[in-house]
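Look for chain A in each of the two complexes below; its partner is chain B in the first and chain C in the second.
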Partner chain A sequence: MTKVFGYELKRMLTSGLFIAMLAVNAVFAWYVLTTEVIEGIAYTAPFSVWSSCAFIGKTLPLAVITVLLLQAGYYGKQQKRVEIITSAAPMTYAQTMMIRTSVLGICFLVICLVDSLLGAVFFAAFFGYYGFGAFILPALLEIIPCFVFTVGIGHLAGRLHCSLIYALLPAVFIAGFIGASGAFDLFGGGFFSAYPLTLPIGADGEPGFVLNSAWLIARFIYLAAGAIILIANSAFHPKIKRA
Partner chain B sequence: MRFFSLYRVELRRLLLTRFIWLISALSLCSPLLGYTVYKPVTAGAMSGLYIGNPVLAGTAAGAVLWAVIAIVEGNRQRRSGTDILAEAIAPPVAHSAAKAAALVTISSIVTALCSLVYLPYTAIKLDYLFNAGYYFAHFLVLMLPTWWISILFAESIYRITRRVELSALIYAALAYMSFSRFTRNKYLLQWLNPILGSYSDGFPDIWFLRMGAYSRLMWLCAAAGLWAFSLMCQRRYQKGLFGSFAKSLKKVYLPISAAFLIASGTVLWNVQPFIGHGGEEFILENEYLYMTSGVTSVNHFIKFNPAFGTLSGRAEYNVTTPVKGESVFRLNAGYNVKSITYDGEPMDFRTVREDVNGQYDTYFELPEKDNKKLIIEYGGFPTVAQCMMPSVKASIGENYIYLSHTDIAPLLKNYGLAYGTVGLEVTMPDDLTPFIYFEPLTEFDENGDGTRTYKTRLDIDYIYNFVAGNYVMDQFSSSENINFNFIYGDIYSSVVDEYNVRQSICEVYDYCTRHYGRSPFTAEGVFKLFQRSSIDQGGFAVSGASTWPEDTITPNTLSDPNRGANAVEIFIHEMIHQWWGGVGMWCDDSDGLWSAEGLTVYSTYRLIKEKYGELYANQYYVDDWKRCVDEQDRNFYNRHPEYLEKLPESYQELIRVSNSDINYYKRMPLMILKAEELVGGEEKMDEILSKMYSDYNNVAEQYPVSYKTFLDYCGLTEEDLELD
Partner chain C sequence: MKIDINNITMIYPSGKKALQDITVSLESPGFIGILGPNGAGKTTLMKLMIAGLIPTKGEIILDGKPLLSQETRLKAQLGYLPQSFGLYDELTVWQFLDYMAALKGVKDRKAVDEAINRTSLTEQRKTRIRSLSGGQRQRVGIAQALLGDPQLIILDEPTVGLDPEERVKFRNIFSEMAQNKIVLLSTHIVEDVQAVCSRVLVIYGGLILYDGTPSALISDAAGHVGTYISQAGDPVPTGCRIVTKVNVREGIRCRVVAEKLPDFSESTEPTLEDAYLYCIHKEGRQ
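== the complex of A and B ==
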């Protein structure tokens, strides 16, 4: 299983699509940093936790789109042709799903890491700011539920029909770039841009960083829903159609 | 025949590859960059923002994408090792031509699709300003040929180098050259990003499209020449570059066509008629003084040919006594002097082709015969001086003609009209209305061929300015007995009606006259308000007439929340500038806070308050000012200016611009409102502004009213007006 995981991971990380999309993600992240974050989100410092969370939230939709594109490969015609051979491997369907989800998770993390690295370079180079520790926990709270939920939905859609994954792309695009700013904002870009404006201003002229309980509950709901869909997907083995 | 069968095969093969679909899809998306990150046309005209920018972005980005596929496709057979086999089956020249033709065909289809995809959005955004012909011409003239040029260049480079990374590097260097400082003022060298300068919606001018078409033709010749040359470099018989080249020379048509095409491109570069070949700096020539003696009458006969953008003219002067020695006159550098006759006798002349501010001097000598007629015949395509670019100051088009000084008639150095009038006969399209100094030419003869010949005698010594366009002339009076002659582009007729612009003009003039005093320009007779094209930048006001910028009533301006709550109020704002700033009282805006905008916004608020009541005025003006000022105060960089200095200059500039907008449009009006409370109310403030206006409205631009002067008039200090 480890060998298969290693092979799958290598195959995915070295695929042209991933490398190209990683580059696109990096360019987009830099664009967000230099056009939006640089102004300071919700009148806070560009290197505040609010700005950092908004930055992650604004880059997440493209990262999710990348993962969905990679995921579509698992349900494409080519994959179905080789499925008869790969299914002969001594692995259960649940193990296969776990490997695929883990590989997608690592790809997603690599993208987020590259984006975050760019963010760190930006904060350090532009503002001489190095206190990145405070950014980690809120960022993980944004990233993990978002990944689990969208990959779960992606697996479900792909299992029903391959093209349904592609149908998810515009939905992600709309939700990510034009979407709501409330607690149920899946990515967080809208929420972290709007919520600080409702908070009282502190002595330093900025609202202190606090996480809204409604937002935390929404993250838990996304995480739980995604996990349930993933488990349900892994539990029921689909029939292999011979080409 | 072989070519066509190969072409069909190549086209089909290309259409079956996923990469071509990806490139086509990305090319279709590339104009989106023009709405967001790449905006070379920055002027306010809507057609520039919604046609010029997207087409230019799509042109440049798409060209790079098509170059990528040209290089990849060029390398495909070599990579798969089938190139030797393919060469054995198909003649290399025909095969290469078929491959290029297939790519060119697909890129043409994508251009057509691109123009259709963005059509609805552009038509909706431009609304009543949308002109389908103008829109499609951008794609046809700029995008399509540039993509072809890029394909030909990329294919040629790959065929010569046979290395993908080297080809990409050379192409990138060429692309960089097109965007670099090196080509910034050499507009025809911008092969990837053709320049588009000033735009106008109401008076669409095709000067830049003409230049774009010309430069595309020039580069197409060069690219096709290089492509033909690269065919000679195609490796054959397992030989290297030079061996293959020597073998290919036997096909005589290849070097001949390559040389012909490259020579054509070079000739087109040398004879380009658009931009003068002079320096980039304007040369001030005090010694070239205009004489006002020696001529008893002047008559000009001018005929326009808008289809070609040319003019042919004849200037007749009754010379009393010829000057001894050489005489000289100056004309636009694009014109040729056809003949000079004196008393019916042809004169020798010489033109010195030294471009000074886009003009050439022509020298001639007259015989000693008194009271004879001097006739100068000239014509051509008016050149724009290099030092004036990218602002076009001489253009003859189907929809708009704008010429000045030596673009219209010769400027004689040694002769001038001491007294009397200048006769003018202009033959031009019958749908355009000609104006000389805001004065329409009204007497004309129909020629029956879609043209009219306007005849007039003008009480001026020289024709400094000629404008013709699709204008409407409206006459009306305000309750303060100010008579208006409102002249505007007929495309704006519906806006003028819809937003009741005439009433707004009357209200503004009446209000401002009552509160601040009579504008010197409305002192007597009819006051002319002349809408000038945004191509003709830098408007002006003279006694009895004032220009107002075209974009005052474009959808973009009428939706700018900085200027007012709605379109009518924005128009009111622009009209109030007749009192504050521009042609009214000049304000010293060097401190980044005090400016004519603050006074204008405040006056607009007062007028609106009088018109719609306090509740409305507070909601849409005072509350909005307070909100924006509060946001500005909360802004991180305003709280911590030390961080602003750490940002790159371009970002600092963005934040400064944002701050100055708030300062001018929101903070200053709020401060004037505070001053109004401190001085004792609205009436007292009106008295102060009225006095200030009467003291300063005739003062020259060099002595603008400063913030300190305003405070002195109010009897207040800077601290008094600080906002909490």
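== the complex of A and C ==
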């Protein structure tokens, strides 16, 4: 299974679509850093945890769109033709789903790491700030539930029909770039731009960083829902059709 | 290995009846050829045998147990070449076969090289699949089916796209493999079946019309194959089916199969192709 995973990962990471979208993600991340984060989010310092979380939240929708585009490849015509052969191998559908989800997870992680690296370069170069350790936990709380939920929905949509994955793209765009700012903001860009404004100002002139409990509950709900969809999707495989 | 197909009926959700109450038993060693026109039910039968479909009625028994309860065991012993398939174009031939070997759980590190050598892909081993010709892609398909010494080999039109020399070579490879395995070969090329198969199934309209040796099928057609000379525009005699037409000095030499040959025709020795066509023709099915 490790070798199959290795090949699947190699195929995905070296695909033109991934490389192109990685470049687009990097350009977009730099754009967000130099146009929004540089001014500080919600009147906090550009290198505050609030600004960092908002930066991650604003770049996540494009990362999710990239993963959905990659995921659509698993349900496209070309893949279906290859599956005519691969489905005759003894690997189970659950194993196949696990490999695919892991591959997409690594692609997502690579995009997030590139964005974060650009953020680190930006904070260091523009502000001489190196205290990135405080950014890690909130960033993971944003990234992981968002990935699990969207990839779960993506698998479900793809299984019903490949084109449904493409139908998710505008939904992600609306939710990410136009949509919510409350606790259920899937990506966090809106939430982390608005929530600090409701908090009292501390001695250092900006609100102290606290993770809102409603936001944490929403993360848990997204994570649990995504995990349930992924497990259910793997457990009931559609390969054998009864006439 | 023994596979019993018991009273299988397959009706697709569209309502198309692909197979009707099929019963057949396959045991290793055996090289079984399946002949039938397009839409006869050959591919459906093969999909049922690889647990790719669940039959509407009946069941398939693998070594005494229901096939569907031992899908993983079946697939661990299966080499399958479908009629139409895709490959990962971005991988090289060696990488794709290595990937397939991993999928099949083949541990032997030499298996990929053996499959490459056997299918004459040595020169293309580092070539990306997208650069291969149609025949070379078909050979990659055959190579993946041969990986890991499978006990059941199911080949759906395996020699499509191969040149005549390659076709002969591959049918000999399949024949060697059938010494201790079950090899099931579905093809339109009757000559391939005649050359290597020890048993023939003729399927038409979802029914098995014939199950036996090629020689017995040929014997059945004796006295029902004839030739005669006709002229352009002459109607086909009633009850006859034209097998071939060849332009000769006297006109057109027609080779026909019929339950009762016309008086003016000359009876001739049947080939397997004649016998196959007669088998389908004799019950007024075509």
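Here are a few things to note about the model shown:
Here, the second predicted complex is superposed on the first by the 239 of 243 C-alpha atoms of A that agree within 3 Å, B and C clash if a C-alpha of one lies under 4 Å from a C-alpha of the other, contacts with A are read in each partner's own complex, and residues count from 1 in each chain.
Here is the rule we go by: contacts are C-beta pairs under 8 Å (C-beta built on N, C-alpha and C of every residue); 3 or more make two chains touch, one makes a residue touch a chain.
This one's a predicted model, so the numbers in the text were calculated from it and none came from an experiment.
When the two complexes are overlaid on chain A, chain B and chain C sit side by side with no clash. In the overlay built on the shared chain, the residue A:Phe126 is in contact with chain B alone; chain C does not reach it.
By the touch criterion defined above, A:Gly202 reaches neither chain B nor chain C.
Annotation for chain A, partner touching more residues between chain B and chain C: C. Once the two complexes are laid over each other on the shared chain, residue contacts for A:Met91 go to chain C alone; chain B is not touched. Once both structures are fitted onto chain A, a short way to say it is that chain B and chain C open up an angle of 110° at chain A, using Cα centres and rounding to the nearest 10. Once both complexes are placed on a shared chain A, the shortest Cα to Cα gap between chain B and chain C comes to 9 Å. Shared contact residues on chain A (touching chain B in one structure, chain C in the other): none found.
The part of chain B that touches chain A in the complex is made up of residues 37, 631, 634-637, 639-640, 643, 646-647, 651, 655. Listing the residues of chain C that touch chain A in their complex gives 10-13, 50-56, 68, 72, 75-76, 78, 80-82, 84-88, 90-91, 95, 98-100, 102-105, 141, 144.
Within the complex, the chain A residues that touch chain C are 1, 3-4, 7, 11, 14-15, 78-82, 84-92, 239-243.
Contact residues of chain A toward chain B in the complex are 31, 34, 38-40, 43-46, 126-128, 201, 205-206.
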